[in-house]
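Take a look at the structures below.
Okay, so chain A shows up in both of these, paired with chain B first and chain C after.
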Partner chain A sequence: MENSRLIVSPSPHVRDEDTIHKIMFAVIIGLLPVLIAATYLFGFNAIRLVVLASIAAVVTEALCQKIRNQPITLWDGSALVTGVLIGLNVPPTLPSWMMILGSVVAITLGKHVFGGLGYNPFNPALVGRAFLVVSFTLPMTYWTTPFDAVTTATPLELGPQAVAYPDLFFGTIAGSLGETSAFAILIGGIYLFYRGVLDYRIPLGYLGTVLVLTTILGLDPLFHLLAGSLLFAAVYMASDMVTTPVTPVGRWAFGIGAGIILVVIRIWGSLPEGVTYSILLMNAATPLINRWTRPRIYGQGVSKNA
Partner chain B sequence: MINNIREAFFRNLWTENQVVRQILGICSILAVTNLMVNTLVMGLGLMFVISLSSLTISALRNYIPHRVRMIVQTFIIASYVILVDIFLKANYPELSRALGPYIGLIITNCIIMGRAEAFAQKNTPFISMLDGLFAGLGYTIVLMMISFVRELLGFGSIFGVNVNFLQLDTWTIMVMPPAAFFIIGVMIWVATALSTPKQTSQPAVQALSRGQQALANQQVKAGN
Partner chain C sequence: MKKKTFRGGVHPEYAKDITAEKSIQDLPAPEMIVISLQQHIGAPVDSLVKKGDSVLMGQLIGNSSYAVSANVHSSVSGTVVAVEPRPHISGRSVISVVIKNDGQDNPCEMISHSDPIQLSPQEIKDKIKAAGIVGLGGAAFPTSIKLDPPDQANIDYLIINGSECEPYLTADDRMMVEEPADVILGAKLLAKGCGAERILIGIEENKPEAIRNMRDHAGSNAIEIVVLDTKYPQGGEKQMITALTGREVPSNGLPYQAGVIVQNVGTALATTQACRDGRALIDRVVTLTGAGIKEPRNYRIRLGTSFRVAIEAAGGFTAEPGKVIAGGPLMGSAQFDLDVPVMKGTSSILVFTKEDSKQFDPMPCIKCARCVDVCPASLLPVRLEAYSMNAMWDEALEYGAMDCIECGCCTYICPSKRFLLHWMRLAKNEIIVAKRRQTG
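After this line comes the complex of A and B, so read on.
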């Protein structure tokens, strides 16, 4: 015990080339198509909100780590990802100071009060968004059309008769900056899957559950898949590594549970959209899912009758 | 005597502050801190009840049978709470309505019973009364700080006077009880950070001890 170099850590001893830095910058690249689509659709507002949110998130992260006497790890990119995500999750007309506030809340209340990256039970960007929605309901639900910025309602509020599928697919509809263009989200999602950052189980479980449930309930499943922020959240938020289960079975359970909650909120709830709360609620259930789906330890507990 | 008073003052206001140290009386904080006026009335009511009940309990401490002391304490506290309630209803009916059941619920505030059990039982009446007063003062100061933030951001006003000159949107979440949770959490964090001596970080030593810990755990599991 005297020589600290002889201490062997518990298994597994498998090494991996992945670092937080690599994963987070893969996510940033995966977000690029969405950023481009948002800028094309909503113009300067998209750049303004995303840049403000990112700067606020990174500065807050540095301040929190300084206050907590921790090494400052801005280069891992996790704060930047949170900032970009929350920036893409707000309506295009949101005032700048609200955007900054949401970003600060996401990093402090969503992440650092729990101990920083890896310890946060809830997705920080969604915590920030939930804070904004509760605090500033009107500005956070003030939707405008792309290009000409005319006040309108989101497709989820209008209903499936009012919008065409191509509009839903390419994103020429009202909504949060990043959520409208399914096309851009799919490109980003495929890239993330190809890089091995995105586990297919949660998005497929999430989207599949929504498809099946809306079909059973006699609604338009394709509409419910494309409208609102479901796709965006399934690819970029529900797949967050920190706040989701670690086991394969647990990830299916997470996706399916989030899908059920989403459909319940959308159809019977008083809110038009329930993506934020569906993922936050399943985040809360994640430790429990991890415990229930813990794999059997090799050589233990096979059968009591054996 | 002076030393005792000074000790009781600093103990109740800082080192053992009922709210940020002992985490007592949290339910009333969530309920009443959305407006500063309500909070001040609540704090004054609590200071009145806690100092007089501590005084009474301390004065009677040698006459109350030990076995039934808690029910007697509850009676004494309830009498003073009813006094406050009636006083408010008679003189400030609007405030009484705004605070609703929370004045009556002062009786359930753990701080009062805590002071009675932990201090008034064993000390002379005068210092017990001061101890109760300071405990209530510590509670009131923390509550006023919380309600200052909540009213300023939630309504854009201070003591009901509008200070929102820029016409900014107010934060609806600050009007709701969860906001008190966030603020009290941050205050506890700051208070703990201020009073904890700064640790010299020695990563190597920590890693070593963590390795030993893991090893010890494995040995325990293997032994089982």
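After this line comes the complex of A and C, so read on.
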């Protein structure tokens, strides 16, 4: 009965079991179906790029933290997630050194210049990807078919007449490593949803808006959902916690806004794909969205009529 | 059937099975009793006794002329050995009456009433006030004051809060299982006292036996037993009101402004004892529980019994304790001194082992919004934390800091283990202090 040994700390005295670390590794598990599909479709290139991107991201994170005199927190897994994401976001033939550079840029310019985990306004993997597209436009738009690696164009460039839906669904089409197989993405997304790390509002808002707008515009909505990196981005990038609104309404607004921007770019823009910019632009709008979509506080606006 | 509930909330591990099946046992009154003169929200009352006085069980030993106060009685018969500051659950020392128990339990005179429901509303309130009854759920607000809302407010519903949403706690559950008739009678008396036509008794679905027994004794159709979803903080006063009536308590307001008064199960039981038996509030049911205690169960404990004695009576510690908490794991307060006494608001003594008492280092916020999703007040804890850390009190006020009910759901759920509630409390304090300064 030693009084002084008792621990005194403020309530609550129990905590939920989830940690940042567990959340990040759940995201990695949620990416496994996509990693498997990418390896199946694109073979060694998939492994080469994802592994290089991941190692580069993790090493860069450690260096940044060392330079900034911060505790090294690699075990939180966030750098690994960024690495895997950017690795899955490039064409299969990208040279290794470009991949590494993209990953380094993602972690430095995308994350640490803003203060590290939690402080970055933009999705780091997309910052890295945008950098690669701008710097190395040709290699970043050089597409090959799965399995036999014949040079081709992406379905978005070819148009709906040129591709069959089963190919779009299972991913036997050209594209970035992780984006082609809708099937694998759906499995990963469902896992993440049930694991409680994927808020349904942003993906549904994003995909729903594209579906509705393309239908209104007389286009092929299913094609627009499955072709390009929309589905991959909706599940794994647009829903990134750090760079999206915290309010429930705000998360709908984010998804819908990104959907509108995407359709505008795809239909009227000079680029075939607009996923990266649609999300980055909405990332920029996130602080405003948070401010404009505050929930009504319990009891406010209720009259005291006794 | 869709069960009624409220927005937000969390599902911590309930750990109620440790004590839920065991009946309430009387804990013998100890040799020495320390009755704190601050048992309720508000200033301490004045002592009516001095060193050397002899007192009877149930004798009034403290009262005050303040509006918000509650009478204090001796829980044993014996001799006053000191009136001096003693450790208090709040962490401060508070003036207390120390009584040496003579072991006789000589009662003072009690005026009983065979059919208390015949009492007038004013008589009921007078008896509740005389008995020193406060909210036994933990808030310890004087009950007679709550029954007498200002401006002749019309009260439609009396709600009995039987949700007991804090993990580990089973005191209310056991009272409803073992003494449903007295709880129901207390509810009727409380309803009559405040003029409420209807009585709603909200019980979480994880207490099937309590629900059954209460239904068996409810009788009249003016009383409805409502089954609620099992979710913390279902027993928060505002959450209870919204779940049962669909009404909201206005921001900055009180339940009577929504035409509702909420009382706890233990309060109802104490009301029956006061009105029927003329008995003052001198004991209460306390859940002694947690992995750190040898014989966890509910005990009826005399007020003023020290935590140390109570824990020893429950078999003592299993191993070196990590934390000893007065109240539940979400809202209770960790104690550093085992000499603190059981008080009117002490619903539980919860003993955590060293392993249970994990400490956490906060990590950066990853904006996961879980704190936003669980906040029953629909606040943005993540924003409020940032404002509070940067001493931006105006912004904190604008973002609703004062509407925080301090339930702790945000801190509980945060994967970055941030001390959100701590920063909420700080902001609330600063805002109150600033307001006081302004109004002079």
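Criterion: the second predicted complex is superposed on the first by the 280 of 306 C-alpha atoms of A that agree within 3 Å, B and C clash if a C-alpha of one lies under 4 Å from a C-alpha of the other, contacts with A are read in each partner's own complex, and residues count from 1 in each chain.
To be clear about the criterion, a contact is a pair of C-beta atoms (placed from the backbone, for glycine too) under 8 Å apart; a residue touches a chain by one contact, two chains touch by 3 or more.
Computed from a predicted structure; not experimentally measured.
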- Touched partner set for A:Ser9, first chain B, second chain C, both or neither: both
- Task: May I ask you to decide whether A:Val113 touches chain B, chain C, both, or neither, giving the answer as first, second, both or neither?
- Result: first
- Query: In the superposed arrangement, does A:Asn69 touch chain B (first), chain C (second), both or neither?
  - Reply: first
- Quick one: classify A:Thr247 as touching chain B (first), chain C (second), both or neither. second
- Message: Between chain B and chain C, whom does A:Pro295 touch in the aligned arrangement: first, second, both, or neither?
- Response: second
- Task: In the overlay, answer first, second, both or neither for which of chain B and chain C A:Met98 touches.
- Result: first
- Query: Which partner, chain B or chain C, touches the larger number of chain A residues?
  - Reply: C
- Query: If you stack the two complexes on chain A, which partner ends up touching A:Val134: first (chain B), second (chain C), both, or neither?
  - Reply: first
- Overlap of the chain B and chain C footprints on chain A, residue-wise? 1, 4, 7, 9-10
- Spell out the part of chain C that touches chain A in their complex, as residue ranges. 7, 10, 12-13, 149, 151, 153-154, 167, 238, 242, 248-253, 256-259, 308, 317, 320-325, 329-339, 350, 352, 357-360, 363-369, 372-373, 376-380, 382-383, 399-400, 403, 408, 411-417, 419, 421-422, 425
- Within their complex, state which residues of chain A touch chain C. 1-16, 18-20, 22-23, 73, 76, 78, 116-119, 199, 241-248, 251, 290, 294-306
- In the complex, chain B residues that touch chain A: 168-169, 171-174, 176, 182, 185-186, 189, 193, 198, 201, 204, 207-208, 211-212, 214-215, 218
- Query: Tell me, which parts of chain A touch chain B in their complex?
  - Reply: 1, 4, 7, 9-10, 67, 69, 95, 97-98, 109, 113, 131, 134-139
